[in-house]
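What follows is a pair of complexes built around chain A, which joins chain B in one and chain C in the other.
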Partner chain A sequence: MSMAAIIVAVLSFVLAALLALMMIPVLVWLERRGAGLMQDRLWPNRTNVGGFRLGGVVQSFADVVKLVMKEEYYPSHIKMGKWLYMLAPAITFAAALLAFMVIPFADNIVIDGESLRVQALPVEYGIFWYMAIGAIGVVGIVFGGWLSHNKYSLLGASRAGSQMLGYELPLGLTVVAMLITYNTIDFNAMVQWQSATVFGIFPAWGIVVQPLAAVIFIIAMFAETNRAPFSVAEGESEIVAGFMTEYTAMKFAMYFMGEYVAMNTASAVIITMFFGGYQLPWVSTGYLLENFAIFAAVMMPLLPIGVFYFIRWMRKNNRVRASVSSDGGRLFETKVFTIVLTIMTLIIEMLLIYLILLPSDALGTAIAVTIFQIAVFVVKLMLFNLFFILVRWTLPRFRYDQVQHLGWYYLLPLSLINIFVTALIVVGVS
Partner chain B sequence: MEKKIKIVPRYGVSLKDKLYLPAIYEGLKITFKHLIDNVSDSNAIDVLEYPEEQPTDITERYRGLHRLTHREDDSVACVACFMCATACPSNCIFIEATERTDNVDEKMPKRFAIDTLECIFCGYCVEACPCDAIRMDTGIFSLTGKNREDFVMEKEQLLAHKGAFGEENSIARK
Partner chain C sequence: MLENSIFVLLALFLLLGSAGMVGFKQTLFSAISFMMAMLALAGMFALLDNSFLFLAQIMVSVGAVVVLSLLVIVSVNVKEENLPKEPAKFRWMLFAVVLVAPLAIVIYKALTYMPHTWAKTGEGYGSLKMMGMTLFKDWVLPFEIVSVLLLAAMVGAIVIARKEPSNDA
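What follows is the complex of A and B.
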């Protein structure tokens, strides 16, 4: 292995870990704040460190501190399988985290003629890894619910288990249809396939090529991650908190964080399979590499405009109302952020000028393209996470039998039909 | 007699309803519009910045913290009849009666305490009182303390609470 290969491998691993773990506080914040804004109210917005609220993200860290400091209550009625009871949340968390590791964040970067994967686990069977590891998460839920010796927990666990069975089938069958379409099990090759166009106009994204599969896959993903409207396993209005009823402090937080990591992973997989992964529509990596100077030239005016509008929005919104006497350091925060953002914009502008002057086959261009693709991926990931949150605060929860009905009677036959149609078309075209 | 029948349209039979996705789209549109509106101007959201802003819409019927009313000579209106303590579903009113020697009445409470941690603020004590001696019209909705004893309101504290809606003295005992 060359030095470059090691550096790329380490950096992609760090990036994956950061994207999965640092996304937890951001997602918790986004969920609470998004919920507030969608329901015309504010959000936890007072917590700050020296006046810096970061729009409320600090609250998530305060929550973590609270959960760590909390009494580690251990229910005395649990006699058997204590170690498994303690391990169960970790299984769920680890499964969600590991499943994220096969997502490609950018196309293979070519350094000195060596093609390197920008993927934490550089494997070629990405989708199988995801299906195998992602499904283990429910084992942690079943263990936790069963060993809690609590009827609500047991109900929650059995709901989670049977829901997983009901939706893993349509999920797997849509994946089969997508495998027939893409003719690969490698996530990165799937994204490369999606860089092309269909009929010369539309980007060949999975959702354009296979709209039915995309809908079924997204619905099944919502069920897999136990998110609303399929959150029957928690079902706080019916069964207290489902499988987490007996869990406290950090054990509970493990389940809670696992849920958000799973949601993040689900978003990443949906993007990679159906929304062109790290690619912009109509732009393949080769095209981007050749014409990066043009992209940089386009980005140069767009970036300051975007930053200008962001600062204007921040100045308008990051202030207290007239009725509140103390400013709480918001003016100072706005000032600091304005300065920092301006400096960052200037640095990026300089880098862009440097990149425009570089020849298109230089290493700098390849790195810039990779960073650009990572940025596109992160933006898409955040948008899809926002979609998950939007759905949660829009739809009421399905009744449990309706969940099963939808899975077994509609999604399963539809995904089977989809396979046949896909196979016929693929055979007919080739 | 003419039968009054209202025929309610049955939803959920058309293909559009059964698909469910158009309805989800409509719902998402509404929440997304609220999100965008509120993100673009979060100070326009109609909320109360509690505790800087205090609620102004507490009505006379609001059951706040209790108080003991006074007679016109500022003495306690309560005659320690134990009606409130009997009516109390959470048994949180503790009364010790004593003889009243100032010829205004025969009996008065020596101790009148309400454990507000036990109290469920149902207002039965107010309804049970024959002398209009206990009221819940203080408009006080938040009570804080450092230990449990702080939440047991004694007679002096209850007498010190002011009514928020003008009626200061007991109407039944002048």
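What follows is the complex of A and C.
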């Protein structure tokens, strides 16, 4: 193992951990922000550390501090299995986190003729790993719900279990159809397959090639992650908080954070399988490597313009009403961010100039392409997380029998037909 | 050396899980013991460098079998005091151990008499492609017979679970 391989492996692991864990406060903030937007009201936006509000993200950290400081409380009726009662949320959280580790963030980076995977776990059975590890998450929910010795928790646990069983089938069958299409179980090979075009015009993304499978997969993912409109396991209106009813403090926070990690993982899997992963449409990695100088030349003027408008937007909006005397450090925050953003833009511009003037620098170009693809991946990930949040605040929760009906009567036969048609077409084409 | 210590750890978990599966009175703890044993078994497959069996083991045993048995446990939800009384449980278990002991000795003898050579693994060992090739080339008849059996079981389950036509019409 060369030095470069070790560095790439460590950096991919750090990136995966950061993307999974640091996304939690951002997603919690985005959820509240999205709820405020959809319901025409404000969001938690006052909490700050020395004037820094980050638009309200700091509130998520304040919540974590509050949950950590809370009293470690056990309901007195829980006589046996306290250790398992403690462990259950950790199982759910760990399963969601581990499932995220096989997502490729960029194409294989070639350093000195050595092809290195930009994946936290450099394995080639990505989708299998996701299906296997993702299935363990519900075990934690059922344990927690049963050990709470509470009828509401029990109902929530049984709902979570049966819903997961009902939707695991269409999910797995859709994956089978996609495996027939892509002829691989490797996430990275799937993304490479998607960088081609269909009919010479459309990008060969999964959603273009297999629209029905994409719809079924996304619906099943909503159900798998217990997100609204499939959040019957929590169902505040009927069963208090479902399996989380008896949980407090950090034990509750583990379930809560696990839900967001699972949602983030689901978004990552969806964009990797159906939305071209880290690729821009029509632009394959090879093309990007050859012509990165052109990309750099296009990005050079666009980046400062974008940053300029962002700073102007921030200066206009990051202030208090005129009637309020103290601005609570907001002007200071704006000033610091303006300076930081300007310096970052300057550094990136200089790197781009270097890449334009020295296009023969293979290593520099490879690293730049990898960083560019990671940026594309993160943008797509955020867009899909936003989609999850917007759906949650748009649709009301389904009734429990409707959830089961949809899974067994519609999605399951549709996914079976989809496999049949896919197999016919694939055999016919080849 | 590392392989040995991992193997010993996995074997320990496997044995503990199996013992817990039989020994625990409350069904939920039996279920988690079973899950532990199955995960340890998956770890054994991973140790043998067979990534497909490793993941299939987790997917089938934990994702399907354990979740289904948990669903049954949650639906039935037996109270502690309603569980069957088993006063001489450990005496019976000891009796069973004594009964199985000769068989264990036979297996141990057989294993120690086996030659200490290891099978060579070919190209692409443990991969999905090789697995599919083996299943659909060499073992296609047993594979198809098993799938017919599963289909029959599924149809039978649906027939049993179907609603009876109501008599009061």
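The rule is short, and it goes like this: the second predicted complex is superposed on the first by the 427 of 430 C-alpha atoms of A that agree within 3 Å, B and C clash if a C-alpha of one lies under 4 Å from a C-alpha of the other, contacts with A are read in each partner's own complex, and residues count from 1 in each chain.
Everything below uses one rule, namely that contacts are C-beta pairs under 8 Å (C-beta built on N, C-alpha and C of every residue); 3 or more make two chains touch, one makes a residue touch a chain.
Predicted, not measured: the structure shown is a model, and the values here were computed from it.
Q: Using the superposition on chain A, tell me whether chain B and chain C clash or fit.
A: fit
Q: With both structures superposed, pick whichever of chain B and chain C touches the larger number of chain A residues.
A: In the superposed model, C touches more residues of chain A.
Q: Applying the document's definition of touch, where does A:W146 land relative to chain B and chain C: first, second, both, or neither?
A: So A:W146 only meets chain C here.
Q: Taking the superposition as given, does A:A20 touch the first partner, chain B, the second, chain C, both, or neither?
A: Neither: A:A20 stays clear of chain B and chain C.
Q: Contacts for A:M257 in the overlay, against chain B (first) and chain C (second): which applies, first, second, both or neither?
A: Neither: A:M257 stays clear of chain B and chain C.
Q: A:G34 in the overlay: touching chain B, chain C, both, or neither? Say first, second, both or neither.
A: first
Q: Kindly classify A:G81 by the partners it touches after superposition: chain B alone (first), chain C alone (second), both, or neither?
A: Only chain C is touched by A:G81; chain B is not.
Q: Anyone got the angle at chain A's C-alpha centre between chain B and chain C, nearest 10 degrees?
A: Taking the centre of chain A as apex, the angle works out to 110 degrees.
Q: Which partner does A:I136 contact after superposing on A: first (chain B), second (chain C), both, neither?
A: Second partner only, chain C.
Q: Applying the touch criterion given at the start, work out whether A:L390 contacts chain B, chain C, both or neither, answering first, second, both or neither.
A: First partner only.
Q: Does the superposition put A:S323 against chain B (first), chain C (second), both, or neither?
A: It touches chain B, and chain C stays clear.
Q: How many Å separate the nearest C-alpha atoms of chain B and chain C in the overlaid structures?
A: It comes out at 26 Å between the closest C-alpha atoms.
Q: Identify the overlap between the chain B-contacting and the chain C-contacting residues of chain A.
A: none
Q: Quick check: in the complex, which residue numbers of chain C touch chain A?
A: Its residues touching chain A are 26, 28-29, 32, 35, 51-52, 55-56, 58-59, 62-64, 66-68, 70-71, 73-75, 77, 80, 128.
Q: Residue numbers of chain A touching chain C in their complex, please.
A: Per the stated touch rule, the residues are 80-81, 84, 123, 125, 128-129, 131-133, 135-136, 138-139, 142-143, 145-147, 154, 157-158, 161-162, 164-165, 168, 185.
Q: Would you mind writing out the residues of chain B in touch with chain A in their complex?
A: On the chain B side, the touching residues are 21, 24, 27-28, 30-32, 34-35, 38-43, 45-47, 49, 52-53.
Q: Over in the complex, which chain A residues touch chain B? Could you list them?
A: That would be residues 34, 37-42, 215, 313, 316-317, 319-321, 323-325, 390-391, 393-395 of chain A.
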